[in-house]
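We call the chains A, B, C, D, E, F, G and H, going by the order they appear; numbering starts again at 1 in every chain.
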C-alpha cells in the first residue's frame, strides 16, 4: 500500500464513506490469497517489479500446482525454480501450460511479458561447462523479466585468452553475472578488467576443498577487485533478480 | 588499454611511426609505477572509474606514504582504508595533506573530485549503533566518488516501526547499502519492502554465535528476499564501490 | 521419587514394616521396564508431565514395536517421532492401533488424554510452506499433551504484511512456536513486535549457505530481539515440549 | 501502537478532530527519539514488558551516555549490559546515578521498579565457578524486571550429589536458568529430573574443544532431555528476558 | 623385531653363520606378505597383542577375501570391521568359515582364541538404543581378544535412575567403554561417579546440531570429569583395542 | 556414599538410632563444603582416587585461595592447573605453602602423598620442544598421584631415529602419554610399534592449518594404529588422570 | 602466443602484409575451438606441456563426447578424469576408441605419446589399500605424459617396517607422490627419511573425524617434515601434473 | 644411515673389529645431540640436503640459544624462522654472530654456504604488498640453500597487466613460489599461463571471509590450473624447502 493509497483511504474515513472497522482491517492486511499452506502475494509485482517467484525445492507437486494455478487465474506470470525433472512432470500433468527448461530446472508461464526499457544485453559468464545450469537459471529469470542477455561460457582463468577475446561484450553490458565454481577466481579477474557492475555466483562445482561451493563463495567475497557483489551458492535466480533491480532503478531514473 | 587505443597503436606500427620492439613492450606492459614493494596503477581511474584504493591494513606507514606520494604526484585522488589511529598519525606526519576520518578509519586526499551525474541520494542504512563505523567507510568512499548519500541509522528489525518511518528514503534511492551484524535480517526485510538495488554488508558486531560476522553473512546470502547481493564482512568500501559501478553504468547508458 | 515418597519409605523402615535390603533396592532403582535394548520409563509422566516419547530415527521396527507395546500394556499414551513412511508401515502391521500422521512423520496412540487447564491457543508459525512438516510435528506433540494450538503459516519476512495481518493471534497466545529456515529472521521480527514467550525452531530448508539449518539456528541465537529461545534444527517436538513445560508450570502456580 | 489505539485514532479522523495528514504521520511513525547514532524506543516497555536494554559492547562511552540520559529523562529504567570496567568508569563520570555490578558487567538505573506478580524464585544454576559472571548478568536482569531468584551455583555433573541436594529448589521454581560451559551437560541432566521450564545458557568457559562455547551450545541443543531451550553463548541477559516473557504471559492469563 | 632378536642376529653375523647381505635384508624388512594391493602383517600379534584387523569399508570383496585367506592360511584369527550386509554376503560366498554379526557389522574367524588372564567383565555402556551397533562392534572385538564383557544399555542422562541402578557393575569393571551420541554427556556423569578407566565412544546418533557425532565427541573431550579418554566417532573397535592394551599391560605387570 | 554405607545408614534408621529427617538429609546431600561460589568436594579422593583438582583458568585469585585454603584445612593435597604466572603470584601471597611450577603452570600442595603400588615409569613423550609445557602438566599431575614417570622429549616423526632409540622405554612402560602438535602423527607411529596403552594429547603448537590443535586432535582420532585414545587439546592433566585410573584399576585387581 | 610470435606478427603489420583489423583480432583471441558449452584449447600442449585434460564430473555424456571428438580430430591425446562406470559406457558407445581404466576412473585416447627424457621411475606410494584408486588416477596421468612410475602400496605408518623395506625406491625416484587418508601421516614420515621432492595427496578414506579428507589434508600441510607440498583431496591427477611440471623443467634445463 | 654405511658396519661386525653391543647401539641410534628439551639432528644435511631448521615460534630464547650454539659448534649453518623482533634481540645478545632479517623474521648464521648447481633464478611472486614478509621468509631460505631467486612483487589478479609484464621471468624460472592472500587466485592464473613448477603459499592477509588464510588455501587447492601444489598458510620456508628438493633432485639426475 503506497503512501498515496494510505492518504486516500484516510480521506474516505474522514468523509464518512469508509467504515472505521473496515479501514482498520485494510490497514492491517495488504492483499494476498490464503491457500492454507501458502499465502500468494498479488502485489509483489507492483512492489518489487518481478513476478511472484516460487522456490520449487521442498514443496510437493500439489502445493506447486495450487500456487501456480492461483497466479495464473490472477493473470500473472509464473516462475518456479529448482524443479527436478520428476517433479516437473507431475506438475505438468496438472498444468500443461507451464513450460519446463530442463537445464535451468525452471517451470515458467508467460502470460504477460514485462517489458523493460531497451539496453545492451546483460553478460552471463561461466568459468566452465559444469557451471552452465546455474547460468541458465539466471537466463530464464532475465527472460521472464524482459531483460536481453548474452552467453559468455567456459572462459575460466586457467585459459585467460578465452576471456580476453570476449572483453568487449563484458565492457558494453549494463551488468555481468559471473558464475564460477572451484576457486571462484573469475569475478576477481573480470572485476579488475572492466568497470561493469558484477554479480558473482559461486557454484557447487568441484570436489574436496571446493567444499560444495563455500570456497568459491569466500574467494569471491574476499576478491581483491573492488565492488564485486555475491549471491548464494548456485543461486542463478538471485543474481538475475539483483540485475533486474539495477535495471529497474535505472529506468525509473 | 582500450580496443581503440590498441587499433591506434597498430596503425602507428603499420605507418612505420612506431618501432616494432617499442610496440611489443607497450602491448606487454600497461602503465604502472614500480615502487619495488608495490606497483601503483595509474590507469585504474580510466579502467574502473574509481581512484586507486589502498588497503591500509597489513602495510607499514612507510609503504603507505610511498604509494600515496606517488599518487599525489600523479595528480590523482587517494583513498586509503582500514587505517588505525596510530598508523594514521604516522602517515600524517609525512603527508599532512591527507585527511583522516576516525570513525570510518580512512585517509583521503581530494585533489580532483570525480563528478557523477546527479541522482537521488544513495541510502546507507544500519541495523544498530555499533554498525556505524562500517557505514561511514562506505560513506567516505561514496563521497570520494562524488555520489550523494543519506544516513538511515539504527533501524534494526527488533523495532520495525523505526524502519517503516524511513521507507520513503529507501524507495527513492538509486541503491541502498544495508549494514547489519548479529543475525543480519535487515536486508531481507528491506528487500521485501522496496524494489531498490540492495547491497548488504554483514558486520562483525555481536558475540558467541554471531561468529565474527559469518552468521550475518550467511543469513544475508540465504535471504528469502530476491535479488539482495552481499559483500565481505565489514567491507563498507566494497559496498560503495559496487554502487559506484551501478551508477557509472547507468550514466554511461 | 519425590521427597515425600522418600520420607514415607524411610518411616516404613523405621517402623520395621519395610526390610532394609528391599529399601536399599528401592532407593537405587526407580521403576523402569528392561527390554534388553531399551529401558522403558514408566514414571516419566509423573516426573516431567509428558508421555514417554520415542525417537523413531535410528531404531528398527522391531525395537519400536517392543517399546510401544510395553507402553500400551502399561496404559500409557505413545508418541513416536521421526518415523519414515516405510518404517511406519512396518510398525503399523504389528500395532494397528497406532495412528500415523505422514506430514508430521509421527506415530501416536491416544489411550488417555492429558488435560491441561484451558488457555488461549498456542501459535504455531512458519516462515514458508517448506517449514510446515516441522510445524506439524510440534502440533501433534501439543495435541498429545492436550494443548490447543492455531496455525499461522507462510508469513516470512519477505512479505511482512502477511505477518502483520495475524499479529492479534500472536499477541493473545500464551506462547508462540516460530519455525523458519533459510536466514531464520522471523523470530527476531516477531520478538520485536509482541511480548509473548517465543520458542524458535530453525529448519534445514534452504540450500548453499543455509548450511542445512545452521544459518537459521545461529541467526535465531544472535537475534536482536530479547528473550527468544531456540531448540535444535527441525526439532518441532522439542519446541512443543518446551511449551508444555511452560504451561504446566503456569497451571501449577 | 495497539489495535485499540489504532481504532481510537481512526475514530478521531472520522470525527474530524484529527487532521488526515497528521494521522498519516502517526501511522507511519511510532514514537522513538532520534539521537542520530541511535533511535531510543520509548514504547518498548508497553510493547514487550521490559525496559529498553542497551548492549554496551561496541558502543562508545559518549553513545551510551547519550542513550542512558534520554531514557532517564523519559523516566524509564535503564539496563546496559556487557560494559567493561573501564567503559563503566567513563560512563559513571557523566552519569553518577548509574550503578555498576562488576561481576555481571552491567550498569543499571532503577527509577521505577517493574513489579511482577509474586511467584516462587526462579532458579539460576551454574555448573562451575567460572560460569558465575553469566549467571550474575541474568540475575541483574531479573532484578530489574522485579523477578525473585535464587542462586544454585557449582553443581556440575562431575559431582552429581551436589545437584541432587538442591533438587527441591529446582522443582519448585517457575523456571530455571541453567548456565554451563565445557561439555554443557547440566541442562540435560536437570531436564531429565524436573519438569520445570529450563532455559540453558552455554558459556565460553573451557579450552581446546570447548570451542569458545560452541560445544556447550551444540550439546544443549541436542540434549536428550525434552523441552530444554537455549540462548546464545554467555547470554545471561537473554535467558532472563525469556523467563520474563514466560512470567508476564502467566500473569496476563 | 625385538632388541633380543636384533642382538641374536648380530651374533650370527659375528660368528659368520649369517651372510652380511642376508643380514642387511633382514634388518630392512620385517616379515609381511605382499599381495600387491596389501601387505599382510604376520607379526602384529606378537608386536601389539591383537590380530591383524581389517577395515572392510573402502575395500572390494575380492581384496577382503584375499587378505582373509592369507591370514587363515597362516593360522591367524581374523577380524574384519565395517562390513555391510551386501559385502558380507559376497565375502561369505568365497570364505564360508567367516562368521557375520549383522548388528556389529563384523566378520570374524576364530581359529585360535587369545586367552587373557581372568578379570571382572569390562562394562560396555550405551546412552540409548540407537548406540547399540557401535557397542556391539566393541563387544565382538573384546570377544576376539578373549576379554569378558557385560552389557549396560540405554542408561542415558535423561533418566539417571537407570544408570544409578547399574553403578555396581561399573565400579567393579577393570574398564568401561561408554558409547553415546547426541550431547554425549554420559561419560562425564559416569566419570564423576566411579574411578574406573573410561574409554568414551561418540556416535553419529542424532540430527541437526549433533553434527554427525562431532558434538558428542567435543563434549566428551571437554568433559568436566577427569581422565576420560576418547576415540573416533562410531569407533567401537578402537575403544575395545584400547581396553585390550590396558589389560595386556596389566597382565604383563 | 558406597552401597555399604547406604545399608549401614538404613540399619541405623531401622534400629531407631538415626532420626528419619536426619537420614533423609544424609541421603540427599553427600558431603561437600559450600563456599557460595564453589562447592568443595571432600569425598572425591575416596570416590575417584585423586585429589580435588582445581582448574585455575577463569577463576579469580580470591576464589582460588578460598578453595585451596578449605582443602588444606581438610588435610587434603591440592593441585591447581592452568595458573598464569601473575595469578600464581597473587595466590602465593596469600598461601605461601603452595609450590608453583612455571613451565607446567600448576600450583601444588603436598600434604599427604598418595602412594600407588610400584611400577615401571610411565613414559611421557613429546614430538617437539614446544610441546614440553603440556607434558610437564602431565608430569606434575602424575607426581601428585605418586606415579613414577620418565621424559622422552623431542622425538617427532620427522626424525624417526630419535624415537627408535628410546623404544625400550616405551615398551616397558605401563602406559605412555604422547604429546604432539602440528600434524599429530607421533601417537600413530608409536601405536604401531608398541602394545603399551597410549593416551595421546594434541597440542595447540603450530600455525595456519594446525588450527590451534584441531588438526593434531583429528589426526590422532583417525589414527591408523589401533587402540590409541585421546584427550582434549593441551590437556596434560587429563592424560595423567587417565593413566592414574588405569594404574589404580590394576592395583585394585 | 609466444613473445617471438608476437614480434613476427607485428613485423607483418609493419610490412603491410597483415591487415590491422586482422592483427587486432589475432591479438585478442588465441586459438581455441568454440563448442558453445565449452572452448577447447588447442594450444595447451605447447603452453603447459600436457594434453587438454577434461574433468568428467559434472559434464553430460554428450558434452564429453563433443569435447573428446574435437580433440581427436585435432590429433591430440585425450585424458578425461572422474568418469563413473555408467558415464564411461555412454561415452564409449559414441567413441569406442577411448580406453576406460575402471579403478582410476579415467578415459584416455593415446594418439601420439609425449616422450619425456628418461629418468628413474616416479614413486607412487599409498598408505592403505583403500587409497589405491587415487594412486591409479595419478599413474594413468603419468602414463599419458610418458613418465615411468613404480607402485609402493600399503605402507602406512602403523607398520613402519613395510615402508622401510622400500626406502631405496623412494630415495632413487626423481619425485614421489604419497597418497594417504585417515590421519595422513605418511608424507611427514617419508619427508623426514628422504630428500626426494614429495607431492602429498590426501584422500577421503576414513570416517568420523577423518572429515572426508580434511584431516589428512591439514595434517599434511602442517607436516613437521620440510618441503612437502600438497594437492586437493583425492586429486591424483593434480599430483601427477605437478610431477610433470617438475620433470619438464628439469629436461628444459 | 645410508645402505652403504649399514653394510660397512655389518662387515666390521663380521670381521670382529666392531663389538656386537656397540653395533646394536649404532643401529638403534643415529647421531643426534641430546639437550634435554631438544635433540639436535647432525645428519639432516646429509639426509635431506638442507640445514637443521629451527621453528622459533613456541620456543624460549634460552632454548633457541642452546640449539643454535650446538649447531654452530658442529660447524653447521643455522636457519631459525618465525622469530619476533623481541625474541631476536634476546637471542642476539647471547649469540651476536646470528643475523636477523626483520621483514622475513628469520635468524641465520652462514658458516659454510651450500652451493647448488647454477640455474636460472627461482621466481618469488606476491599478489600484494602485504604478502611480502612471507615471500621474504622464502627468499632467506633459498639464500641459505644457495639458490638464486628473483622478486616479482604486487602482481595480483586485479591488475593483470602487471603480471603479464613479468611473464618472461616466470617462464624461464626452474620453479615459481607464488604467495597470495585474500582469494588466492594468482597461482591459478599463473598456472594457466606457464608450465613452470608452481608452489603456492596462501597468506593470512585479508579480513572477514579471508578466514585467516583458509580461503586462499582452499582456493589454491581447488585451482582450475593443473599441477599447482600448496604449502601451509604463511609458510614461506616450506615453499622454499620444496623448491630445494626439486633442484637437488635435478642436480642429482
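FYI, a contact is a pair of C-beta atoms (placed from the backbone, for glycine too) under 8 Å apart; a residue touches a chain by one contact, two chains touch by 3 or more.
It should be emphasised that the depicted structure is a prediction, and the values quoted were computed from it without experimental measurement.
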Can you list every chain in contact with both subunit D and subunit G? A, B, E, F
Pick out whichever of the two, B-G or D-F, is joined by more C-beta pairs in contact. D-F
Could you give the separation in Å between the centres of subunit C and subunit G, each centre being the mean of its C-alpha atoms? 54
Mean-CA-position distance for subunit H and subunit G (Å): 25
Please work out the Cα centroid separation of subunit C and subunit H, and write it as a whole number of Å. 58
Touching at least two other chains at once: which residues of subunit F meet that condition? 3, 28, 128, 159, 192-193, 208-210, 214, 217, 221-222, 226, 232-233, 235
Touching pairs of chains, which are they? A-B, A-C, A-D, A-G, A-H, B-C, B-D, B-G, B-H, C-D, C-E, C-F, D-E, D-F, E-F, E-G, E-H, F-G, F-H, G-H
Subunit G partner, complex, touching residues on subunit F are 127-128, 156-160, 182-185, 188-189, 191-193, 206, 208-211, 214-226
Report the residues of subunit G in contact with subunit A in the complex, numbered from low to high. 1, 28-30, 32, 36-39, 41, 44, 55, 57-59, 63, 82, 202, 204, 212-214, 217, 232-235
Provide the residue numbers of subunit E that touch subunit H in the complex, in ascending order. 3, 6-7, 10-11, 13-14, 16, 20-21, 23-24, 27
Quick one: which bits of subunit D touch subunit C in the complex? Just the residue numbers, please. 3, 47-50, 53, 119-120, 168, 174-175, 192-199, 217, 221-222, 226-233, 237-246, 248-250, 253
Subunit D residues touching subunit F in their complex are 128-130, 132, 153-155, 159, 161-162, 164-165, 167, 205, 207-210
